[in-house]
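Next come two complexes built around chain A: one with chain B, the other with chain C.
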Partner chain A sequence: MVDNSLIKIFNFVKRILVFRPPSEPSRFVLGEGADDGRESETTGDDGLWSAVRELEALSRFGRRLETTMDKARAALTTGEWPSQDETLRAECAALEKQWRELRPLLLSYDFSADNLTERPISTSLEENRRIIEALYKLPTNKDVVMRHITLGTAPPLRATLVYMEGLTDGKFITLGVLQPLMLLAGGRREPLTGEMLSRISEEILPGSHVKMLGTFREVQSGINSGDTVIFLDGAGEALEVETKGWEHRGVDRPLIEQSIRGSQVAFSENLRVNTGLIRSMLRSSDLVTELIPVGTRSRVSCAVMYLNSVANADLVAEIKRRVSKINTDYLNDSGHLEQFIEDRFILPLPQALSTERPDRVAVHLSEGRVGIIVEGSPFAMVVPANFFTFFHSGEDFSLKPAAANFLRFLRLFGTLISTVLPGLYIALTYFHQEAVPTGLALAIAAAREEVPFPAWFEIFMMEVSFELIREAGVRIPGILGSTIGIVGAIILGQAAVAAQIVSPIIVILVAITGLASSIIPEFRMAFFARLSRFGLLLVSVTMGLVGLASGLLVMTVALCSMKSFGLPYMVPIAPRTVSGLDVVARGEVWRRERRPDPLNTRDPSRQPEVSREWEQELPAGEDEK
Partner chain B sequence: MSYQPGRMGIAEGIGLTFMVMLPRVFLTSPADTIAAIRNIAWLAPLLNWLIALPMFYLLAWVMARHRGDLYAVSERLLGRAGAWLLAIFYATLFILDAAALLRQFAENTLLTALPATEFRIVIFWYILFAVVLVYFGIEGIARACYLLMPFVVGGVAAVILLLTPFYDAYHLVPWQGTGLLSAFQRGLALVGINIGGLLLFVLAPQFQSPATLRTALVYGGGLSAVLRTLVILCFILAFGVAQGMEKTLPFFEMSRLVYLSRYIQRIEALFIVLWVITGLLAIAINLYAALQLIARPLNLPSLRPLVPVIAIVIVNIAVIPPDLNTVVEAGNNLDPLLSAGMIGGPLLLAVAEFVKRRRKRP
Partner chain C sequence: MIRLTALVCLLAALLTLGCNGSHETDEVSFVITIGVDAAPDGQLNVTYRLSKPAMVRGEAGGEGGGGKSGAEPSTIITITAPSLAVARDLLNAQVARVPNLSHVKVIVIGEELARRGVGEVVGPLLRFREFRGSMFVHVADNTTAEKVIRTNRPVIESLPARWVEGMMASAGETGYYPRAFLHDFYMPMKAGSGSPYAVMTGLSSSGGEARPAAGQTAGEKTDEFLSGGVPVRSGNPVLLIGTALFRGDKMVGKLTSEETRMFLILTGEFRRGFLTIQDPLQPASVVDIHLRLGRKPKIAATVADGRPVIDIDVMLEGEISAISSGVNYEARAYNQLLEEQISAIIRQDLEKTIRYMQQVGSDPANLGKYVRTQFRTYGEYRDFDFESRFPSAVVNVKVTTQIRRTGLMRITSPIRGPE
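What follows is the complex of A and B.
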């Protein structure tokens, strides 16, 4: 088109009038790109890459050999041979070791697997550095520190320290690892040959935990756990020095399982602090702590604790089997672990006791149960658990039996109310009005006169509102959460009644139900009560008391069919076993001679029949008379 | 759910026996007994229990001499064909018993609790929940029976105690009613209501020993018989024979009569929970027994696929009678068949065992 004046004017007017969106960078869309694992599996380039890596390793060896030969030639030509004799001999010995690693068969095996984790530690420091760089994506990854040093031995020995910044105690690395290696070794000025690593471990490093590593799996495990790994040139193994020192919350008061009497200590996120807390309360050489790493991508330590002469050996073996046979990449919490090791069952009931109190764990361990603690979780699990365990609190045995039993019955009564009350109200008011006393029936009818919705809808609406307030109260941070919870409940209830959307009786009923569910000490059991309340409400709306009875019966049979790590859930009532005076009601502590029978402990006796031995003797002063 | 129903002991046995033998106390059976033998009606449950007990002991004697369950022992004593016939006969009895209970409980629900509800919904509800219970397995059911037993006993005892102001001792006279012989005959005719106890022999390997079976039967069945006796006795005490004969559901009428104050009156609705639980458990136990007796001869690897099939069969049988009168009549007609199973089976096996032993003797 001719670019004449008319066109120019037209373009000018168009530029003025027509909206032109501002230029924006193109948006990112997460799609299945070339990095998708499924595609890379089918590329078939693995063999080629392995061959490339093999050639690279051989060429590095060649370059090292060439450098050594150059050095030797220079020493011979310049006449410095005697002074460099030791150094060149050591270098030749290292080259010989590396050459043995580069035999075609080993080379092919080591480089065939794409997974570097399984490779053994090389005698070549250069190879080890490269593998570490590949494993930790260095230098992109800034958390991993590689510190290259030279030990002042004769000849000098090159070494590399690898550790994770933030997980380690920097002061200890400086004073406990670097200083001895750089100064003390230098002071000796003697060749570190032969059992080089053993000598360093035994004579130079002052750390309390030093061990030798053979593969990069162990190396990774050590570095990821906050330890420092030392590679020495020419050694086919590495040294791991414990330098853990990450920031963690200190031991604090229990936040969830508060008690008036009893211990005021709770677990923290540090595994060793947690096992130490239990050990400080159960001071027995019989208490065993086994550490089982779980997770393929992130190795998290799980501590399995039990009293060796008490806990049933089959139970311990089964728990260890389940924990060690978890195949997942990452585990972050004890609740996460519980779902991996518990038996499958239709009802969402807890199968393991979860507690933040070391005193509770200690008590259960002394009864023959097994404790499981996951690194990074401030909650320990105790298995196996029965239904009644979830209604016990930490201080039950610190109180007199009458007080403890009153509280236990109150909790069970609260559970019953929390589960059944809305359904019972609907069943009675819908289907069986004759069972309601006349005065109460009239009061209910009068209160509901202006309400436009059916009673079941009122209850459902209020229950959902209550759950919303409860969840909001938990999620809103700080003190604001509880304030909003209380204010929300009052305003919502008051406003709903004033607006004649719900009757006051329903507000009272839902409030009582909510309070009753809060009385259950175990959160997950309380959650089950909340869920089953909706189920029972539904069957009650459908079939009245017939529905409620059917629902309760199915729940009972389900509970009786359930097992927690091989232990029937309703034990010691169904099946009937010796209760040990600690089911719903608890007995006097001095009458509890035997451990819980269903646990089939190795030592069923807790204390002799006469545990108050002083009663068999004369009072102090009497014997003198 | 497979052939490993779990490990059970005396408590589970007592629970199962008690729950499977009790539910007729909530149905029309007590009124029928009063109509048949008048003032001595309370003795009939005790008598039929005393007749059933030797049969159980006889069977326990046979079982003690062989390993395995009822089918395995029958196979050894009667041959495969005989065992098949016996298993099918008992399976039929359990199915018929389950159907009778299902229909009667559904009818009672309509009469007492949910008069506006559609009959088919009630039937469906009961069988659905019975199937769900069976899916959880007999071990769970047995433990639940034992767990709920004190509540059932407590509930019945509460009604009996709360009616104390209404009792009139003169209602029991003339105490012989239509005569002791007729009471015995009635007890014999109703011996079949104890047939549920045979389930323990069907599941014998899961119990520790024949002694466990005997103990469970004595205590579970005995407690059930005592409760049935007490209910009929108190029913006669409260209503008298003439009025009692007219009532369709004696226990319901008893709970309806309760009046202690204006706050404790008309508590029959609360007892619906009691008889629904008992009825559902009894139907589920009968269903399980039938399934086990069908699956054993057929050597099926699991009971689970059969559960809906047999449940549908039970529902279809249950809906055959057109009205309540026919239901009651059908229930009465079923009693002799159940009694034949209760007496005939153990006797047959005992005779077979006896003959076999005599043949073995040189």
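What follows is the complex of A and C.
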């Protein structure tokens, strides 16, 4: 082709106009993958691989036998027999033990795929190392540390320490495990016997928690929770020494449930610190803490705490049953656990009290409830809970009854307002204009005169924007927090009204509603109020006060039919029981003689009739007369 | 499955029920006042006062809105129709919104119609659900309801509805007009005793000159007025004063301001009011007493020779509010003089008022209620026919007065000045 200017211009225009896919490096696509799906793991060449593993184990045994025999022959020929007698004897015993493990039937079971966890600890240190390497994907995984040492016993004993970097206290491992093993054990002229392990744990290791492990399941849970596991050559068991020591947040002031009076301490993420906080507030030998591990992939400890002499035994048993019968792979929060163990119900109401305050947990434990703490979660759960518990705050009993009751009524009133107000407004202005005072009716009509939308849409719009602001306020990074305030105030308060998109009355209404729902101490209960508000708004728009009343009726019925861990939700209103002077209003502290009746505690009596015993006596200084 | 059924039921309920009855506030027009007058051929002139919400907002000082300050917050429409219901429909032909009658504060009845009989008007008022029993009933004194409504210009209140509410709420301050609800108006029409009554409203036409409706009782210094004679010069020409008396559904008489007080004393609804009397010792001066009822009047009735005998025992309490002569009425010896003077005046007024009621044959204070106790069955009472015997009833009135307080002064000090 002739490369004249015409062609050049044509090519230039063509380059501009014609689409050409941009050249870019080939992109990563997350595909289904060839080896995905579980079927390929269990079928196919699995039998072959396990056979290979069996053969490998057998050949390793053969090599070990060969070296031992070589050693024995050398000793016999050189005449060092008496000095090496004990060593060789021990070696032979170890070989014998290992041979017993390698019987064909056990072998085929142990070496089948993915059964490493269930395997018993081998007498061969080599085998144990290989299993640990397989379990923790060593050496790719850099978190698990395997430390090979030789104990200075006679004969020298090989050992392997396994621990998790980051979860353990390195100083303690050095001083409390390695040092005694390597130095203190030295010089002991003892043969390797079956009791070696128990003697080490009894005489050498100074750690506070030392225990014997039999299977790799236990070994894993020990390593994963920050303990150090020691394997000794020739022993069919392992030693676990507690070396926990990971970084965690210290005990802090409550952030969510602040109070003016009452204790100022909150749970943190460390389970044992949390249980300790409760125990420090409820110093009773009756207080039982049971640890139940949950989760197949990550064993998370859940502490179930109760006062043994008070809590109903059935309640405790049921909660333990539910917690231990959870089959899931991973659990990370107490709210997560709650959904696994609560009764199923149509209304999204909280069934367990969730609190970050140890003092609240202690109070409830003393009443006969059960506390559940999940490792890593700074919130404890208290069950069973009833509807009214969620309107109490931690400091209610630190204040005088008059003040506490005023606050409690205010909270219930706020709840009522926040659920009902928008629906009520719509019902009144749509269907029952005669129920509004004339002045107000005219004011509402006047405010709405220029607004182009129906009233229900105004409310809906404002409620949704309020929810948006609220959610944005939670999600926005703290540095940008003030943006939300400005945008919210201007959009909701000023611009919407000035633009006559909504009437000012609606703004007041939504603001009051939002404010009122914030008065509820329990966030999840407030959330329920927020949700039900929309439902009630819907029925009010369509059916007026009848709809609103029906909605409330349905809600009441649903609430009354609900149960939280066996306790009727609306107790002690429905069914009617003795309230123990702590439902909506609370009574004087010295008049609360009995524990809440519906909990059916083992010891229903809290204090005698006369708890202010000093009133029965003469004042100090008058008894001499 | 159950959930699905419930959901379907709920949706069906939401879609089929309700909704039809709902009105946005900008779809309705609130009627504040209704006036009913007699028109030729048995027709009615119905006057509506409709509020204009946009103007209300303008009046309230809101910026932006379509309201111009100074604009009328309401509009008045008069329609001639054979009945209230037809009038409402004709109203809808003119106004682009649904008339909402649930906020009607007052129904004003023209005197002509009231004298002709209001039965045909009251019936639908009580039957139709938008009208409420708590509406007030006014009768236009010597004029038409339309004129009263069109002339009414509340001086202080921006909303006419507020004016009506305020007037009725403050009725107890003077006792010059009763609080007459539609419900109270209707009940005596069907009950065995008592007569309907209504507040009289009218235009002040005297141009500031006092034209008392009746002469003063001996010893009293307060004039009695009907609306036409009240000496007010400016402000709202529409006044509420006096009571319209009915017999059955027909208006038969008018009580003046002072007589209305007596009527309220009889019913026990008199709350408080000033009474100006002649000074018993220095007749040229006056004494002001702030009066209230000491207790509900004790009324007992017997029947003698076919005539009802009614004994009324009224007890009044007073507080001295002015002594122009400076006589020491605070002292026990003198205040007895005052008490006797007050008792005498009130007794005369009561007797005069009851005599007038007997004359026109209307019993708004429901004295017949006390006569009922003399009969064993309602049938006997009905046969006795109290209404026809009321004019010939013997009424004995006893009034006692107690001066309880002397105001904030214990004694009148003479005013110093050049002798």
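Here is the rule we go by: the second predicted complex is superposed on the first by the 577 of 625 C-alpha atoms of A that agree within 3 Å, B and C clash if a C-alpha of one lies under 4 Å from a C-alpha of the other, contacts with A are read in each partner's own complex, and residues count from 1 in each chain.
Keep this in mind: a residue touches a chain if its C-beta (ideal position, glycine included) is under 8 Å from a C-beta of that chain, and two chains touch if they have at least 3 such contacts.
The structure presented is a predicted model; accordingly, all values stated were derived computationally and were not measured.
K.L.:
Going by the contact rule set out at the top, does A:L116 touch chain B (first), chain C (second), both, or neither?
P.N.:
A:L116 sits against neither chain B nor chain C.
K.L.:
Tell me which partner A:M543 touches in the superposition: chain B (first), chain C (second), both or neither.
P.N.:
It touches chain B and chain C both.
K.L.:
Kindly classify A:A511 by the partners it touches after superposition: chain B alone (first), chain C alone (second), both, or neither?
P.N.:
Neither partner.
K.L.:
Check the residue A:V589 against both partner chains and state whether it touches chain B (first), chain C (second), both, or neither.
P.N.:
neither
K.L.:
Check whether A:F431 is in contact with chain B, with chain C, with both or with neither, and answer first, second, both or neither.
P.N.:
After superposition on chain A, A:F431 lies in contact with both partners, chain B and chain C.
K.L.:
After lining up the shared chain so the two structures overlap, which partner does A:I149 touch, if you call chain B first and chain C second: first, second, both or neither?
P.N.:
In the superposed model, A:I149 contacts neither chain B nor chain C.
K.L.:
Is A:A455 touching anything from chain B or chain C once the two structures are fitted on A? First, second, both or neither.
P.N.:
Second partner only.
K.L.:
I'd like to know which partner A:A447 touches here: chain B for first, chain C for second, both or neither.
P.N.:
A:A447 contacts chain C only, not chain B.
K.L.:
Under the stated touch criterion, which partner chain does A:R576 make contact with: chain B (first), chain C (second), both, or neither?
P.N.:
first
K.L.:
I'd like to check the shared interface: which positions of chain A are touched by both chain B and chain C across the two complexes?
P.N.:
Dual-contact residues (chain A): 431, 434, 438-439, 543-544, 546-547.
K.L.:
Could you pull out which chain B residues touch chain A in their complex?
P.N.:
8-12, 109, 113-114, 117, 122, 125, 129, 132-133, 136-137, 139-141, 143-144, 146-148, 262-263, 265-270, 272-274, 276-277, 280-281
K.L.:
For the complex, which residues does chain A have touching chain C?
P.N.:
Against chain C, the touching part of chain A is residues 429-431, 433-434, 438-439, 441-451, 454-455, 498, 500, 538-539, 541-544, 546-547.
K.L.:
Can you tell me which positions in chain C touch chain A when the two form their complex?
P.N.:
Touch residues, chain C against chain A: 13-15, 17-19, 21-26, 28, 30, 32, 51, 53-54, 56-57, 60, 62, 64-67, 100, 102-103, 105, 130, 132, 159, 161-162, 165.
K.L.:
So in the complex, the part of chain A that touches chain B is made up of which residues?
P.N.:
Touching chain B from chain A are residues 428, 431-432, 434-435, 437-439, 543-550, 552-554, 556-562, 568, 570, 573-576.
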